[in-house]
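Chain lettering (A, B, C and D) follows the sequence in which the chains are written, and residue indices restart at 1 in each chain.
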Amino acid sequence: MAASDKKDEKNGIVNKILGNNLTWSVVALIALIIICTIVDHSFLKLTWNTNTGGLAGPLITMLQESARYLMIATGMTLVISTAGIDLSVGSVMAVAGATSMQLLVGGANVWVAILVALLVGLIIGSINGLLVSVLGLQPFITTLIMMLAGRGVAKVITSGENTDASQIAGGEPLRWMANGFILGIPANFVIALVIVLIVGAVARKTAMGMMIESVGINQEASRMTGIKPRKILFLVYAISGLLASIAGLFATASVMRVDVVKTGQDLEMYAILAVVIGGTSLLGGKFSLAGSALGAVIIAMIRKTIITLGIDSAATPAFFAAVVIIICVMQAPKIHNLSAEMKRKRALKASQKAVAA
Amino acid sequence: MTTATVNAPKTKKAKGGKFDAQMIPTIAAVVIFILMLIMGQVLFGTYFRLGFISSLFIDHAYLIILAVAMTLPILTGGIDLSVGAIVAITAVVGMKMLNGGTPAPLVLVVMLLIGAAFGLLAGVLIEEFNMQPFIATLSTMFLARGIASIISTDSLTMPANNNYSWIGGEGWKIIDNPKISNDLSINLGVIIAVAVVIFGYILLHHTRTGRTIYAIGGSRSSAELMGLPVKRTQYVIYLTSATLAALASIVYTANIGSAKNTVGVGWELDAVASVVIGGTIITGGFGYVLGSVLGALVRSILEPLTTDFGVPAEAVQIVVGIMILVFVVLQRAVTALQKE
Amino acid sequence: ACGGSSSSSSDSSSDGQKTVGFVAVGPEGGFRTANENDIKKAFKDAGFNLVYSPTQNNDQQKQIQAFNKFVNDEVDAIILSSTEDSGWDDSLKKAAEAEIPVFTVDRNVEVKDAEAKKAIVSHIGPSNEWAGEQAAERIAKDFPNGANGFILEGPAGLSVVKDRGTGWNNKVASNIKVLESQSANWSTDEAKTVTAGLLDKYKSQNPQFIFAQNDEMGIGAAQAVDAAGLKGKVKIVTIDGTKAALQAVVDGDLDYVIEYNPIFGKETAQAVKDKLDGKTPEADIQIDSKTFDKAAAKSALDSGERAY
Amino acid sequence: MTEKQPIVVMKGITIEFPGVKALDGVNLRLFPGEVHALMGENGAGKSTMIKALTGVYKIDAGSITVDGKPTQLNGTLDAQNAGIATVYQEVNLCTNLSIGENVMLGHEKRGPLGIDWKKTHAEARKHLAKMGLEYLDPRAPLSSISIAMQQLVAIARAMVIDAKVLILDEPTSSLDANEVEDLFEIMRKVRDSGVAILFVSHFLDQIYEITDRLTILRNGQFIKEVMTKETPRDELIGMMIGKSADELSQIGAKKARREIKPGEKPVVSIKKLGRKGQIEPTDQDVYAGEVVGFAGLLGSGRTELGRLMFGADKPDNGEYYLNGKKVNIDSPYTALKNKIAYSTENRRDEGIIGDLTVRQNMLIALQATRGMFKPIPKKEADEIVDKYMKELNVRPPDPNKLIKNLSGGNQQKVLIARWLAVHPELLILDEPTRGIDIGAKAEIQQKVLELAAQGMGVVFISSELEEVVRLSDAITVLKDHQKIANIVNDDTVSQATIVETIANSGKEA
């Protein structure tokens, strides 16, 4: 009796681990790393690059790239938790990047350029927030419009050029932000991680997280408890805009050049994928920032895998789709309830036999 | 427990008039479309030309079909992001087959089947593996586009005498004026689009499957508890939207006589915009196919208008975005006023 | 259908100004923005009323729509800067019927239909294949004893990508080994990531060159090379010839830039003018492009004449 | 008793949710031509049992036999095809569709061109008429009618299929006396035609009026199957709650009247507060320690007045005084800031936040009044949650369960705890005892009296005149969205008084 209890308990833990979305994300991440290591034996090797003053190696470039996904995925998580969506993050990245580069080229101080770029992101996010919360427009369509218009804004800022600030002196802090190292670890990854932790701490240590979830679960009931759903909605879109502008700085500062068409292109989709892989439902409600962060790293890792495996560029989207489908399918309740389901069926058969007898 | 015997004053009749509120966004779409045409005509004098009207329909037959296709999942609160990519893969396969000498009817069937296969895959992911439609169709979108690029990245042209391009092309001139800009013409693509609209209308309003689509949009759990075949209907929806996307591909490729893996990038968003402009609510439950058709037409004349207004190139996207925004806000205002 | 000349056109050509429709790609930075701005300016200078219609996402459908609209608007001429080289037969047929002359710029289009062919008067633009060939020749010259390297391509499927690739393949030396071709989507930032990845992966095979199909990607690749401490050891060749790229050649970040000359507005305007004046412009107006090594780049920048 | 053949036999049904065994070997037999009641406290497993029979939940053990054939039910569709029609506890209709469509969904009349709407609507009208709803326009949207009416529509829908088994899970909880009578009329007719009816209700009067046979559950366990006629009330209550009936003696408790002293200031006083289309401008005072009952028929505007006093809807007219001071209550937030709380009648849509835990649901209103960035200290939160879990006897007593997994009655208790946690001066309770078992009902009523005794002003809205009369100091009677009387509840007042008031005002108007 006691023994079977213990076994049950053990089963419970195993089931819990299997049922946890994060588990499958970690498994996927490890699987991708293993695949890469098999193809490229030096994949896990880290060397010290005296040229840059940091670690070097495939994993490091992967982390460097993941910084921007971490930013937009974090903002996206909060937005999705309110049962919304922010399709404009890619465009906001372009706008923020364009702003900073154009200012630098125009001779502005680098800190001014950074601050104004962040402010612009915050403003675009706030406009999304206003449209969704005050006018009550549907998030999908509102941010879709902002995605179109945002690209246009980026083009207007640079007059359609791909502004290049790589030759401009004084851009060092910005360059460091994207390319530098802190204790050998990519600075942008460290910064992104710190921001994720701050957002996480604010969300979970104050009531912000619960209120965001509450609005996402049942907006009317939330209103009746004295929460102001409009304020919450405004807040999450504004945060998402701000974080997207940081991502935009990462993306442009890495090469000190904005590309009005390419910067941030399609990244909204990656962000959404990261959030979903991380276990937050697109229907809103409970969110997991840790899950989304892991999702963001997985997205970067998938892209790294594509390069490492030398997958033909034509086949890239198909490979991407395959990995995403596998991860999502593994997360499906049907799969991780498989053993429980089989047990249930067996029990049912037995009891039916008993009844028949 | 009271045993009151007062007759409740049950005379307060629920007004049937309120029901029309759901149609207001669609009606607004009609009105605004006509206003836009009139504005174009007054300012630039070319919008009432038969040639303009003809090419509006011929060039956008594909978008009308996609808008109808997109209406189905959106009515349930879902979405099908894969339609653009399905156009690409079916187009590439179709052109390859035509060039390989496959008879046109067989090519058409294969294209539709490929579309259906992607719809089925989306359905399986959504219904069997609990993936949200957005993610499931995003995956099938990547998959379809990826496979299309693997098959070919060339610009594939149809062979001559292919028994295929007659679907598109110039079609028939109904009114043949001396000037081409005054000709009224129609081609099979437009007729197919009209047929699709009629099909969509009948499906949604005169079949149980259609009503189940609306019910799912209202509340999926209610629909399930009501004993409606929710799962089957979901399959029907994604199969239909993907197959219609293949049909849109047929109409489009027949029109331009060539195809390539990059065709249809962003069309899913054009289709979504059309559906929303047409008054369908993105969260599901309310909307009409006819609205989506009008939405597609409205979406289609945004570009000519920006061109004629001479909007600076960099700002075109902003203006298009703002126009859609104004549209959505107007609809929202009208609906809110009605509710008062 | 008759018509043809603009006497009956209801467009804003009140002062006898000729209207020209420009079916364009849209401002995408680099080559594209320079090219379209130049065309717009040249036509304005030549006294035309240029109506400009960009597309989005390189979507040919939007271009077809714009083209058909110009036919219906009865413009005097159409300039077509197509995203795709096929699929124009029907539209060109309409233009032919309406007797509107069409000028293709940048990319030539393939036409099957004889009727449709008549609509096209001239093609004006530089050659992508030529540019690709130049890149192969430069690498062959740099490494007579052979070398390993990568190619950074644009998005799979664009005809520019194919043409530049074809040019490269035509002239590439047998001892030049391409370890891998990857798409970096025309993007600087992506090129940096991709290149960093490739350098990691093929470290053992000592990559010595990178052929980037445009300047943006080349600049990104240069940064990755720099970060890997390989500056100067890996030679990067790019196509387009933007100022930033020339500067990079001067700085030694890039080895060689092949111009894909976007400045042919004048030539285009002249061709249109000739046609409308009843003359017959040349069918194929080749625009010459230059190549820049360090010295040429320096003098080009110093001259201050480069417009983009 | 002649032993008829049961049409449905459920044997040894076990259903486990993560962490709870909701049903443990429960048996149920349904006989044609009988009304069978499933009895038990909140959370006993009644709804779960029903969902097992209709294929919503998969059973973990046991067997289901319909018409003598062992049946595997893999979904509601299967159940429907097996001739089982169901009205679930929570209204499950589609508010985006018309009334008629909701009745006919899946059973629309078809002609050669697909659905024939004329016929379908005519058919819908027929079924609505059976429920006494002939005055409803089947083309009107479902959202235009109240929840209670929607419940009737749901029942009309269940009658559309030629069912062998009709299941009604608490259909009467939001109906008033007339509608209940109408419903019973129909149930008798259906029963007499040989259909087996499964009925759930927490009103013992109703049980004894309409049912023939009872199955009693407690804590997911099968207790007994008995004939209604042979089971006295006391015994039934005893079987349901496992205590003797005496322990529920407080049920009859009547409030000691609170006299309003001359010159005393009300806590809340509204003057000509109204909102177009919802409620005519109304005056109302509530004194500290006073219980004001709102009485009226379905749709009379009780809820609307309550919502207006809470700022859930913005008034477009009138003034609001709090302790003599004029205030502007235009949102639930300002109301809560001013210590006015409102517990909704629409628990599912406006009450619970399903995917949050019981604990979070209890604390969220208090948190909202404090502001997002001032989290309630853990210790304080623990104390509050602990206190109310015990005081209101929430089951299961685990505050970390998701509230959506609690039974209806327990959800209600959590919501009441939510409002008590903000220590309101005025608490508006809209149908707080709806769908609640007799034990819990007594507890809640008791709580209301306690709160009033502690000096809280309470507005008590209920469709059960009995409890309004018993608990209130004053009764406000509403009709047609208008306050028609203010009755001081002294010993002369009875349910009949209220009913008369309503009827007479009708004649004058």
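Definition applied: contacts are C-beta pairs under 8 Å (C-beta built on N, C-alpha and C of every residue); 3 or more make two chains touch, one makes a residue touch a chain.
Model, not experiment: these values are computed from the prediction.
Asks: Touching both chain B and chain C: give me those chains, sorted by label.
Replies: Under the touch definition, chain B and chain C have A as mutual neighbours.
Asks: Looking at chain pairs A-D and A-B, which one is connected by more C-beta pairs in contact?
Replies: Between A-B and A-D, contacts are more numerous in A-B.
Asks: Can you tell me which chain lies farthest from chain D, using the average of the Cα atoms as each chain's centre?
Replies: Greatest centre separation from chain D goes to chain C.
Asks: Taking the mean of the C-alpha atoms as each chain's centre, how many Å separate chain B from chain D?
Replies: Here chain B and chain D have centroids separated by 43 Å.
Asks: Which whole number of Å gives the spacing of the CA centres of chain A and chain B?
Replies: Those two chain centres are 30 Å apart.
Asks: Rounded to the nearest whole Å, what is the centre-to-centre distance of chain A and chain C, using the mean of the C-alpha atoms as each centre?
Replies: About 35 Å separates the centre of chain A from that of chain C.
Asks: For chain B, give me the residues that contact two or more of the other chains.
Replies: If we look for residues of chain B contacting two or more partner chains, we find 149, 153, 261, 313-314, 316-317.
Asks: Check each residue of chain C and list the ones that touch at least two other chains.
Replies: 27, 155-157
Asks: Multi-chain contacts only, two chains or more: what residues does chain A have there?
Replies: Touching at least two other chains: 155, 159-160, 313-314, 316.
Asks: For each chain, which other chains does it touch, given as pairs?
Replies: Here the touching pairs of chains are A-B, A-C, A-D, B-C, B-D.
Asks: Can you check the complex and tell me which residues of chain C touch chain A?
Replies: 27-30, 33, 37, 153, 155-157, 180-183, 185-190, 192-194, 196-198, 200-201, 203-204, 216, 219-220, 223, 226-229, 244, 247
Asks: Which stretch or stretches of chain B touch chain A in the complex?
Replies: Going through chain B, the ones touching chain A are 125, 128-132, 134-136, 138-143, 145-147, 149-150, 153, 261, 269, 272-273, 276, 281-283, 312-322, 324-325, 328-329, 332.
Asks: Within their complex, state which residues of chain A touch chain B.
Replies: Spelled out, the residues of chain A in touch with chain B are 85, 131, 135-138, 140-142, 144-146, 148-149, 151-153, 155-156, 159-160, 269, 272-273, 276, 281-283, 312-322, 324-325, 328-329, 332-335.
Asks: Would you pull the chain B residues touching chain C in the complex into a rising list?
Replies: 44-46, 49, 51-52, 55, 59-60, 62, 149, 153-157, 160, 168-170, 177-181, 183, 252, 255-263, 265-267, 300, 303-304, 307-308, 310, 313-314, 316-317
Asks: Can you name the residues of chain A that touch chain C in the complex?
Replies: Chain A reaches chain C through residues 40, 42-43, 49-52, 56-58, 61, 65, 155, 158-162, 164, 166-167, 179, 251-252, 254-255, 257, 259-263, 265, 303-304, 307-308, 310, 313-314, 316.
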